[in-house]
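For reference, the structures are reproduced in the following blocks.
Look for chain A in each of the two complexes below; its partner is chain B in the first and chain C in the second.
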Partner chain A sequence: MNDRRIWWFFIVPCMLVALAVVMSLAAVFQYSFREFIPGSLDTGGFTLENFYNIGRPLYFLVILDTLLISLLTAIFCLLLSYPVAYALVRTEAEWLRALLVILSITPLFTGEIVRTYAWMLVLGSDGFVNSILMALGIVSAPVQFMYTKFGVIVALVHFSMPVMIILLATAISHVNRDYEKAAANLGAAPLVVFWRVTVPLTMPGIVASTVVIFAWTMSAFATPQLIGGGKVLMISNLVYLQGLSSFNFPVAAVLSAVAFIAAVGSLALVQPFVTRLERRVAQQ
Partner chain B sequence: MAIRMKGLLAAAILLAGTGIAPAQEELVVSIWGGNWRDGAQEAIATEFTKRTGVEVKFVTGGTMDRLTKAKLSAGAPQADVTLTTSHVAYLYSASDLFEKLDVSKIPNLKEAYPIALRSPYAIGLYSYVYAPAYRTDLMPDDFKITSWKDLWGDQVKDKLGLPDFDPSHIIIAAAKLSGADAKDWKKGIPLLEKLKPNIKALYQSDATSQELMKTGETPVQVLLSINAYHQMSQGIPIKLVIPEEGGVVGIDAVGISAGTKMADAAYQFVNTALDPKVQEKLCELYKCSPMNAKAHVSDEMAKLPGIFTSDEQLEKQILVDDETRAKLLPEWKSWFTENMTR
Partner chain C sequence: MNTQPAAGHNGDVAVDIANVAKNYGAVVAVKQVSLPIRRGEFLTLLGPSGCGKTTLLNMIAGFEAPTAGTVSIDGRDVTNVPPHLRDTGMVFQNYALFPHMNVFDNVAFGLRMRKVEKQKIAHDVEAALDMVKLSGMGGRRVKQLSGGQQQRVALARAIVFGPSVLLLDEPLSALDKNLRTQMQFELKDLHRKTGLTTVFVTHDQGEALSMSDRIVVMSKGEIQQISKPLELYSRPVNSFVASFIGEINQLPVARLKRSGKAVAFAFQDGLALDAGNDGAALPEDDADVSIFVRPESIAIADASGRAGNVVNAKVVSHIYQGTHTVTRIEAAGLGLLDMRVGGGQIIDQKPAGSAIDVHVSLDNAVVLKAVPETK
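And now, the complex of A and B:
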C-alpha cells in the first residue's frame, strides 16, 4: 500500500464520521428556527422567537449556573488531581503506583449513574457523611448536601478526576527532571523547585486538562439530574425538560446550540494560549 | 460450497447479533418498566397468549421517551400496542401515531364506564389518583392531611416532593383552591409561589419518587396512588390521603400503533385487557380502579383511598379532559420550571 492509499484509508472513515456528526448537529439546529405548537409533536414554520427566549431569566440563570458549576468543577478537579498525578508519576514504589492507578483510574470503568447513586448514599440526609457528623455531635440535624450546587459539584469532581489525572500525569511525565535537579543544585528548596520549575513546565497540560474538564462538565446530565433533584439545573437538564417532557423541541434545540457553542468556544479560545505556552516551555 | 456455507453462517451470526428477526411472530407492547410491565405481563399478556397463541414482547421506557421514539419511527412502528397516560395518548393521536379504533372489534368496551373511551384512538384501561401522601413514621404525630392546602403548612416546610415531569397535579390543585379550574390555572399562581419553601426536591420518574420516599428525603409527596400502594406492600409506612377537594384522577390508556402489521392481534390484546377477569387481576396487582364496570373489586380494596367503583365516586374527584391537559402541559411545565425549581 503506497502513501496515498494509506492516506485515503484513514481519511475516508474520518470524513464519514465528521459528515455524520455535522448532519446530526444540523438536524438538531434546524429545530431552533421552528415554531413550537403546544399539544403537538410537530413544529411549525420559520421563526426567530426561540432565540429571544434565551434572554428569559430562567434560561439565562441556568446558563450562568452551568458555566459556574463547570468552572468550579474544573478548578477543584485540578487542585485534587495534580497531587495524585504527581505522586503517580514520581513515586518509585511500585506498590504505591499500582495502588494509585487502581484508586484513581478504576472509577472510569463504572458508569456515571452508578457513581452518582453512590454519592446519593453518601450525601443523603441519613447518608454516610451526615451519619458521621451526627454521631460525632458536630451537627444536631442533617446537613443539606443533596439538591444543592455543592453536592452536584462534589459528585462531578469525583466523576471527572480520573480523566484529569490521566491528562496531568501525561504532562508531568514529559517534564525533563534535569531542570528540577539543576534548580535543587542551585539551592532551591523542594517546594520552590515544584512551584518555580515543575508547575510552569506542566502549565500547558494544566490549562489543557482544565479546559477539557470544563467543556466535558458543560454537558453533564445524570449527576445534576439525580444529585440536583430538579433544584439544580444545568443546560442538559433544561434541554431534557423542554425537549422530552414538554416537547418544545425548538427551545431545546436553541439551548443545545448554546451549550455546544460554549463548549467548543471555550476550547477554541484557550487553544492559542495553550499553543503559546507549549512553545515557551519548548524554548526553555 | 464451503465458502457459501461460511457466508450464510456469518450472515446468521450477524443477524442474531443485531437482533433483527426474519419475521415478526409476537405482539410488541410498549409500556413503562418495573411493576408496570410485570403487572401487564401477569394479568394481560398471559391471558392474551393463552387465548391467541401469540407471544407478547414488552418494550419499556418513560412516558415521554417512548412517545419520542414512536414519533421517530412513525410509519414503521417499533411497538404494535402502546400503554400510556390518557393525555399523552392524545399527543400520540394528534401526531397520527395511533390508529383510529374500530370499536366493533373490542366487544368488552360495551361493559366499560363511558369515560373509558378517551377518544376514537385510545381506550382507558384503569384509573388512579395523584394525591398527597406522607411517611407516618417521619412526620409528627399530630400531622394530618385533609385538604390540598395542608401541603402549604409549616410542618411540610422543606419536606415536599413533587413530580417535575408533570406538575399538572399541584397546578390543578392550586387552581381549585383558588376557586378556578385547569383552564384558569393562572389564578392559582400566587398560591403556588407560596409553596416554594416547602418543596425539597422534584422527582423525575416513578423510580426517583419511590427512592425519595423510601430514604425519607421527601417524607411528603404528591404521589401516584399505585406507587403508594406498591411501596406500602414493601413495608414502608405511607398514608395516602384523598383530600376533600378530591384527588387528581389519571387514566392509563391503550392505543394501537398506526401502520402496525399485527392489527388483529393488537385488537385482541386491547379486548383482553378490558376483560372483567383480566381487569380484576390487573387492578388487584396495581391497586387501581378498573374501567370495566363488571370487574369485581373486593370490599377490602374498594375501601382504599383512590379506588373508585362507580361513576359517582369518580365525579367527586378532579378530572381534566385529555386535550386540555395535553395542550396546557408544556405551558405548565415551562412556568413550573421557571418559577418553582429555583
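And now, the complex of A and C:
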C-alpha cells in the first residue's frame, strides 16, 4: 500500500510534539525526587522526602481547596451552561441563536487576565455588584467578594462557561428531537420531557463535560491569583509561590505532579463510566 | 379538489380537520383541507413526499400549529392544545423508542404520565405486548430487538393507553420487503382487534390499497380524492390520482365519438379504438379525452382471441418479474406502452425489436376530459 506513506506526514509532527511534552514533564518531575537546599538554586541528591512534605497542612489544605473549588466550579458551570446550550441548540429563532453564540462564545477570544480584571471591577468593594446592593439598600457596607473563594469560583465559572456550552450543545444536538416529540405525544409535559428524556440522553455529555471543566479548573492560575489575591490559593498559585518566590523547585515539582495526576486521573477514571453511559443511550 | 360532504359534528367523527392550512413563510404545505375522520376507521393519507400528508398528521398530533382552520378530536377543539394534552398515540418513522429504557418502561411511559396505578400498568403493558406478539419481552433493551420487534414495541407504546386516535407516520418504510408485508397484515389485525381510529401516512400506494378503509390522495397540499381502495384504483378522478395509484399507461389525447350506442376514440393519426362499453359514464360527444390503461388491459392480440382494438407494435424491452413480465412496446399511434404478460415465455418468443400485435381493452380504462397542458 503506497498511500501509507502519507500517514507519516501526520504521525511525525504528532510524535515530535508528544515527545517534547513528555520530556518537559519528565524534566519537571525529576525535580520532585531531588533534595531542596535552602538558599540555593541547585538541588541536592535523590530523596522521597518531598512527597511526605505535601502531607503537611500548608500544602494539603491547598490541594483540598483546589479540588473543592474545581468541583464547585464544574457543578455551577454545568447548571448555568445547560440551559444556554439547550436554548442555543433548540431555539427556532435565528436571532436568539446568534445572540447566544455571540454572548457565550466571544469571551473565549478575550484572555483570562482581561476577563479576570473585568470581574475585579464587578466584584470589588466599590464594584458593580456592591454599588447596586448598596444603592438598593440591601446592604449597608460593601460585601467582601474579592479575596474569597466565592469570588474566585464566580470568575472561574464564567471563564469555563464558553467551553462547557460548546461541549453540552454538541451533546444536546445529537439527541434526535423525535424522542422528545414521542414523550410529549405520550402525555409528558415539557418539564417532564426534559427530565425524563433530554437529560438522560445527554448524560454522557453532562458527565464528560463536567469532568473536563473540573480537570481544567485544577490548573487555573491567573483568576485565583488576581481575585484570590494570595488569600485563596490553588495549586498553581502555590507552585508559583514555592517555585519562583522560595525557589523550592522540588516541592513545586511535587505539587505540579499532584495537580497533573488529579487532572489526568479524574479524566481517566470517568472515561469508562462515560463509555458505558454512551452505550446505554446510543441511538440507532 | 374532490372532498366528500363534511360529516358535521356528530358522534361518528373522531378527528375533524376543518379548513386547515399551513404555510411556512411563503411555502404552502397544506392548502385549505377539510377532512372528517370517522370513528374506528383506518384512514390513509397517501401522496408523494412534500404533498402535505406528514404536516397534516403533525397538526393532529399537535407538533405543528395550523396557520388557519381548526382541528378537533372527539368533538373538542384542540387547535391550541399542546401535544401532551391531546391523547393521541403516534408511531414514528424511526420508532423513537427511548434508548435509555427497556421495552417495559417504553410501553409503560404513557400510562405513567397518566398516573395509572402500578399494578394496572404491569397488567396493561403485558396485554399490549401480547397484542403485538412480544409477550415476556418487557425486560429486553431496545437495542437487543430487531427492526420488526422495535416496530411492535412502538405500536404497543402508542396503543397501550387507548388513545383517541392512532397516528402512524410511515412506520413500515424502514423494514425490508418481507417484513413489511407481514406487518401490513398485523397492522390490519391490530386495527380490527383494538377498533382504534387510525391515521396512516405513506407514500407507498401498495400499503395504502392493502390496509385502508378509506384513502386520501394528496398532492401539493391539496386533497385530490377520498375513496375506498377499490374505487380509487378503478375510478381515479384525475390524471394525478390515475398515474399515482398503480402502474398505468396514458394514451395520447383522443376525441370521443358516439354513433348510436357505440363509443369510439379517434386518435390523431387515424387510429380509432372502441370504448368497449356504452359510454354512459363518459364525457360528451366530441370531447377531447385523456385515456389511462392499466398494463393488464393490454394483451398479445392472437392470444386474447378477441377482434377489434388491435394495434401494431414493436417490442422495446422486457422486465421479468417472476409471475409476469412487463413488456414495453412502441405502439403505432399510441407511443410507448407497458403491457403485463403472464410468465416469462414472451422474452424468448418476442425479443426486443420484433413486431407484435396487441389488443388494447378499454373496458376498464379511465377516461377523463383532457385538461389543456399547463406548464
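In this section, the second predicted complex is superposed on the first by the 279 of 284 C-alpha atoms of A that agree within 3 Å, B and C clash if a C-alpha of one lies under 4 Å from a C-alpha of the other, contacts with A are read in each partner's own complex, and residues count from 1 in each chain.
To be clear about the criterion, contacts are C-beta pairs under 8 Å (C-beta built on N, C-alpha and C of every residue); 3 or more make two chains touch, one makes a residue touch a chain.
All values derive from a computational prediction rather than experimental measurement.
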item: Combined model on chain A where chain B meets chain C, clash or fit; value: fit
item: Which superposed partner A:280 touches (first chain B, second chain C, both, neither); value: second
item: Touching partner for A:182 - first (chain B), second (chain C), both, neither; value: second
item: Chain B versus chain C as contact partner of A:247, first or second or both or neither; value: first
item: Vertex chain A, arms to chain B and chain C (CA centres, degrees, nearest 10); value: 150
item: First (chain B), second (chain C), both or neither touched by A:233; value: first
item: Comparing the two partners chain B and chain C, which touches a greater set of residues in chain A; value: B
item: Partner chain(s) touched by A:140 [first = chain B, second = chain C, both, neither]; value: neither
item: Chain B versus chain C - smallest C-alpha distance in the overlay, whole Å; value: 47
item: On chain A, positions contacted by chain B and by chain C; value: none
item: Residues of chain A that touch chain B when the two form their complex; value: 36, 38-42, 56-58, 61, 120, 124-126, 146-147, 225-226, 229-231, 233, 238, 241-242, 244-248
item: Chain A to chain C touching residues, read off their complex; value: 176, 178-179, 181-190, 192-193, 197, 200-201, 203, 280-284
item: Partner chain A, residues of chain B touching it in the complex; value: 64-65, 67-68, 71, 90-91, 94-95, 164-166, 199-204, 208, 211-212, 215-217, 323, 326-331, 333-334, 337-338, 341-342
item: Of all residues in chain C, those that touch chain A in their complex; value: 61-63, 82-90, 92, 94, 96-100, 109-110, 113-114, 143, 150, 157-158, 161
